[in-house]
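Two complexes follow with subunit A in common, the first pairing it with subunit B and the second with subunit C.
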Partner chain A sequence: MTTTDLGAQQPELDPAGSPELLQKIARRRRFRRRMLPYLFIFPWILGVVTFQAYPILDSFYHSFTIYDVFQPAKWIGIRNYVNLAEHAYTRKALMNTFLYVVVSVPGGLVVGLLQALLLNVKVRGLQLFRTLAIVPGTVPVAGAAAVSLFIWSPSLGLINSFLKAFGLKGQAWLSDPEMVKWVFIFMTIQGGIGMLIFLAGLQNVPQELYDASKIDGAKPIQTLFSVTLPMLTPYTLFNLLTSLIGAFQYFAGPMLMTGGGPAGGSLFYAQLIYQNAFTFFKMGHAAALSWILFVISVIVVVTVFRTSASWVYYEGGNN
Partner chain B sequence: MQKKGFSRREFLSLAGATGGAALLAACQPVTTSTDDDGMEAAMEPVTVVVQSGWQTGSDSDVWTPCIDLFHEKGTHITIEMIRLHVTPEDTMTAVAGGTAPDVYHRYIGGFAELMARGVMFPLDDLIANAPGFDPDIYLGSQWDNGKWDGVTYGIPVLEGGAMPAICWHKHLIEEAGGDPEVGPTTWPELLDMSRALLTFDDDGNLVQAGYDPKDAYGFTVIAWPVVFDENYISEDKRTFTFDTDAWAEGLDIIAQFWLDPGVDKMQAFADQWPYWTGYPSSGFNNAKRGMIMNGNWMPGAMRNVVDVTGVELDSIGYGFHPNLNEGLKAIDFGTGHTLFMPRTTEVAEDALTFMIHMTSVEVGLIEFEIRAACMWSKPILDAIDLSTVPGLQWFFDAPLEADRLWSPNEFLTPVQSQCENLWQRAIEETMFGAKSAEDALFDINAELQQSLDEYWETQS
Partner chain C sequence: MAGAFLVRRSGTPGSGFVLGMRASRIVQHAIAYILIAVFLAIALMPLAWMFSGAFKTLEQMRITFPIQWIPNPVTLQNFADGWQERNWLLNLRNTLMLAVFVGVPTITTCTLAAYAFARMRFPGSEFLMFLNISLMLIPDFVTMVPRYVMMARMGWIGTWLPAVVPSMLALNPAMVFVLRQFFRAIPNELSEAARLDGSNELGIYWRVILPLSKPILALQIVLITSWAWNDLLFPLLYLKDKSMQTLTLAMMGFIGIRGDTRWGQMMAMSVLVSLPMMVLSYYGQRYFTEGFTLSGIKG
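Take a look at the complex of A and B:
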């Protein structure tokens, strides 16, 4: 029964009224009933429009302007985009970010999956191990960055002290422009939330599939590749997409630990946006940079979605 | 029929109206009500909010006694202190959002672009009508500290202008073959002495350094026009001039101080022995660094931690920093602590009253008591005895002896934060061999010029 039907069945309050009036009242009631759900979601719509849609459209406009917040924006066409393409540090930040995405996203997926497989094994103390595995992901980024500075410090750091204990030479982890980006990649390759999602996925794999594979004489490694991984592909897709989007926006660690240095070695794209907006007061450049990142992210995400039909298995689906 | 409560319709209408009203109210800029009803209204109690993150800790708090002293004067003004570091970014967002305090205290770097963009409140008219304040208490270019394009936006206070010197441990200079009483007087001499002082342990770690150009004062780009005797921006503030031979020569010299010991070793050493002489762990305090470029706060800072460091204050030498224009005694006089008002303040006159209080002899004495530092103000210098702090006299004589006093007005730019950032980039690119000094400077010059042109475009 639809809301329209419900409205039509309401008893009229004024049976003595004219048919036109009654129809008008009925129409009004039907309209109100149709509108009621929208009224309930209105606060959410208001929030999205005010705090997301408007800033997004506003940033698009400002990407074609010179704008420093205090002076009125001045329209300059596509000049921001042209200038950014010429800046060596835009290319450097893009390359650093691509490297980060290409290495840390697959790395994070593999580590998350391996952790989940381990934590899916029924052993004593399983809950403790699961808790310990998720603890690193609960540490605030600023705290983790402060601790990491001590870990990677060339003179006082734990890692160099460890290497020294084995007679190995310490490295200038954070002060070498080439090495520093690998430090950040290494730091962020961890299971985290992705591991939890894989773990949830593992527990949803039907036991009868494992039973069937056992009857067929499949070895554990064959079961992993023929049963477990295919059944986890929807979770892999989700983790892949969220990791990709997050990796393109990687910001806090380098910002707090190295400020993007030395010599741009750890300058990632999101920090370049921040620098332009809030340090250089170049909101137009920052907006243009943001839109470039948005387009790149969309292309990557759409490509992943398009290819997902060939490698993601949905139970009850066509493939 | 009597109503027992809200109908659904009434509830939704009321909720919608309340939500809408709340949203509108939230979008209103935060303002303080003002009253123009003459003297009676002006004397009503007023709160002036001041923000600073400098010297606010319990063991070195300069602000509390200064504010207490102000309150004791019994004006209608109450000072409320926000003890939070002031950055250009925060200031920009606070002023744009209408939530800025009434007075900002900050070292001038980074505020130039805010002055240039009209974010700060012009003070000239207020100062002209302020009783009991005479800008002549300052010497020369120090008063220019808070000026942009001829308009006064800030008042120098507390330790005021930097007056940076080259400072050295006499015994180390002697070890390096120099005259302990004279110190390095040319860049080549400074480089030779620095090389001679480099000491490594058996593992190859640097355990003693000579001079580090990125030290307590050299970390900022504004240190370098003075000691290169070469500005990076034209007088009309329309052209960057980093792409000159003098800057390339200077940058090569800067890089050399790091290349000699090795960039990684120098960085590791800097992590272990920081620059700032206010820390007991400072490399210079512990004679792990032979020389340092530092401002007039240094003798007091070192004295305050002498119980921990044990450094002999009388064994520190001070002199004009070597200059690329050999023999020139040049000094940055003015780049220092300043009080500004954002344009959003509604209590400008009252805020100025507090700002002027902060230039007073009484405040100078409080700061001298706590920090053994002060600004170059004639009445304050008459009231204190500089000789009680070894080394301090040099800094206050230097502006009088210098051949050239640099004013911040000469080298601050409307894109100063970017200028700082890109200068660091040029240093690092040269140090790591990614680019030659000429190329690194050419590139940052082009990028800065683009930003400067954009600034001027918005001004036209």
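Take a look at the complex of A and C:
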């Protein structure tokens, strides 16, 4: 694409040219101007078709086949779905992911909100506190995984040492098939980027509302529930959606620390797909799981949006 | 208690001290300080333990009470041992290559698409934007397997093409959306003025919109770099070869071999891997606030 393709400005002809020719040129320019936006988004359209739409349809097809990449796919009907439903690891991964979604997602939202409220109090040194609060979230996942392994280590870990100091029994934590999922679920209850977004939201609450609430004699706790929280709801919706989608893809932490083990104790949905596809080369299973994930996320997102009309407050009316 | 952090006060934080603060306000601030201290202590504890462990000798790893946060004596042996285990510089180079190979084409094509969505009217634009927002909400794991099969069929595994080609196709709906929101907020008069001066759309995009979007573009660069630094899935699928591994993948191999004698090395290497990102995020933070406040979630 060159600049001259798009230029409609430079006169190409002497104005005294024949009227038909002028008309033709004008038509061509109009056509170009109309096509121009599509040129701008052409790479995007191509990307959506080849790397989004096609893969989703492709995994729908392959979810009804046996496929190991090396040999052509063989149609087997719904057997993948049946097999998966019967498989103990699938159920474990589903259960773990479900617990993660109902504990870690709301927990993270609440913690992020509380942190943001706390870091919005105008005290001395606020800027420093805000910076310090952001620091833990900036540690790359590999570093965080290494230090978590250290802290939860049964022999030299900080947690067990504390427990022993208080006369309690140390736990195996990450090597305990029942315990391990809770370690991951509680470890990820963090404000993180959600806190930053709530903090940005708090800056956007108009001061007049606080003043009005004060004049009305509202107690601080009433102001929280009738001014601050309603004004934050667009941000809550955003955080809720991103953390839900993040929860479906929770992968790196368990992968780095336990590889999903022991005995599938820390197997989450994303890793289940990964394992089926790239450890066992059961592409059919993986495709079925991908398609289930697609359906689940569509249902969840649509549900959240549907209900959001009743609890999300937009300044200047709902739209 | 909650009162302390609800009411936004005008004036500088210190002004109250001069004229004598109301007692309740002092109490509120004291409570706020205590809560902030508790929260920061919990949040920063693992990080402090990482730094502390990196400089400890093997004997000091055993935990004694009171907990020894500052190692004595300080040793650098962990760094020396950990460094020799792997070719970390190669991993660093690969990480930066991944950031560039993904970042440059993604930002180019996403800004173009975002410009069209923000500044041009065309049939289907609303629907396509709706599609873009929907795609933001679809987990990557949905398309992971078929994408991999596509790449494998084309013989791209073991090359950088799986990083470059999708990036050339604006495959980042979140970025398209955020940029579009930002571009929309730029006053139309500026593009009109450029148009009167004879600029075409590409000229406006290049000379008006992009220069005014520096904060949001800087934020995207920070985000992509930190993605390359953090992501595990992509390298696991496409950069498995020893010569292509990024830092995250190298760390995965490194922490995979456990044993209580290796904690010091692991902490030392974690410090080295983490520090650049912490510095980058510190500087990226203001772009985050700036970009986020201006583009907004609303609307």
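Assume the second predicted complex is superposed on the first by the 288 of 319 C-alpha atoms of A that agree within 3 Å, B and C clash if a C-alpha of one lies under 4 Å from a C-alpha of the other, contacts with A are read in each partner's own complex, and residues count from 1 in each chain.
By our rule, contacts are C-beta pairs under 8 Å (C-beta built on N, C-alpha and C of every residue); 3 or more make two chains touch, one makes a residue touch a chain.
Quick caveat, the model's predicted, so the values are computed rather than measured.
Student: Touching A:243 in the superposition: subunit B (first), subunit C (second), both, neither?
Tutor: neither
Student: By residue count, is subunit A touched more by subunit B or by subunit C?
Tutor: The partner making contact with more of subunit A's residues is C.
Student: Which partner does A:280 reach: the first (subunit B), the second (subunit C), both, or neither?
Tutor: first
Student: Figure out whether A:43 sits in contact with subunit B (first) or subunit C (second), or with both, or with neither.
Tutor: Both partners, subunit B and subunit C.
Student: Does the superposition put A:58 against subunit B (first), subunit C (second), both, or neither?
Tutor: A:58: touches subunit C, not subunit B.
Student: Once the structures are superposed on A, label A:138 by its partner contacts, choosing first (subunit B), second (subunit C), both or neither.
Tutor: It touches subunit C, and subunit B stays clear.
Student: Touch check for A:188: first (subunit B), second (subunit C), both, or neither?
Tutor: It touches nothing on subunit B or subunit C.
Student: Thinking of the overlay built on chain A, is A:69 touched by subunit B (first), by subunit C (second), by both, or by neither?
Tutor: In the superposed model, A:69 contacts both subunit B and subunit C.
Student: Which partner does A:97 reach: the first (subunit B), the second (subunit C), both, or neither?
Tutor: Neither subunit B nor subunit C is touched by A:97.
Student: State whether A:148 touches subunit B only (first), subunit C only (second), both chains, or neither.
Tutor: Touch partner of A:148: subunit C, not subunit B.
Student: On subunit A, which stretch or stretches are contacted by subunit B in one complex as well as by subunit C in the other?
Tutor: 43, 46, 69, 153, 155-156, 278
Student: Would you mind writing out the residues of subunit B in touch with subunit A in their complex?
Tutor: Subunit B residues touching subunit A: 9, 12, 16, 19, 23, 88-89, 92-93, 95-96, 113, 117-119, 203, 205, 263-264, 267-269, 271-272, 415, 417-418, 421, 424-425, 428-429, 431-432, 434, 443, 447, 450-451, 454-455, 457-459.
Student: Which of the residues in subunit C come into contact with subunit A in the complex?
Tutor: 2-10, 13-14, 28-29, 32-33, 35-36, 39-40, 43-47, 49-50, 53, 61-63, 65, 67, 109-110, 112-113, 115-117, 120-122, 125, 128, 131-132, 134-135, 137-150, 152, 166, 168-171, 176, 198, 200-203, 226, 229-233, 236-237, 247-248, 251-252, 255, 258, 260, 263, 266-267, 269-271, 273-274, 277-278, 280-282, 285, 288-289, 292-293, 297-299
Student: Going by the contact rule set out above, which residues of subunit A touch subunit C in the complex?
Tutor: For subunit A paired with subunit C, touching residues are 1, 3, 6-9, 34, 36-38, 40-41, 43-48, 50-52, 54-56, 58-59, 62, 69, 115, 117-124, 126, 129, 131-151, 153, 155-156, 158, 161, 165, 190, 196-197, 200-201, 203-205, 207, 210, 214, 219-221, 223-224, 228, 234-235, 238, 241, 245, 248-249, 251-252, 255-257, 269-270, 273-274, 277-278, 283, 286-287, 290-291, 293-294, 297-298, 301, 314-315, 319.
Student: Sort out for me which residues of subunit A touch subunit B in the complex.
Tutor: Of all residues in subunit A, those touching subunit B are 32, 39, 42-43, 46, 66, 68-72, 74, 76, 83, 87-89, 153-156, 164, 172, 175-177, 261-264, 275, 278-282.
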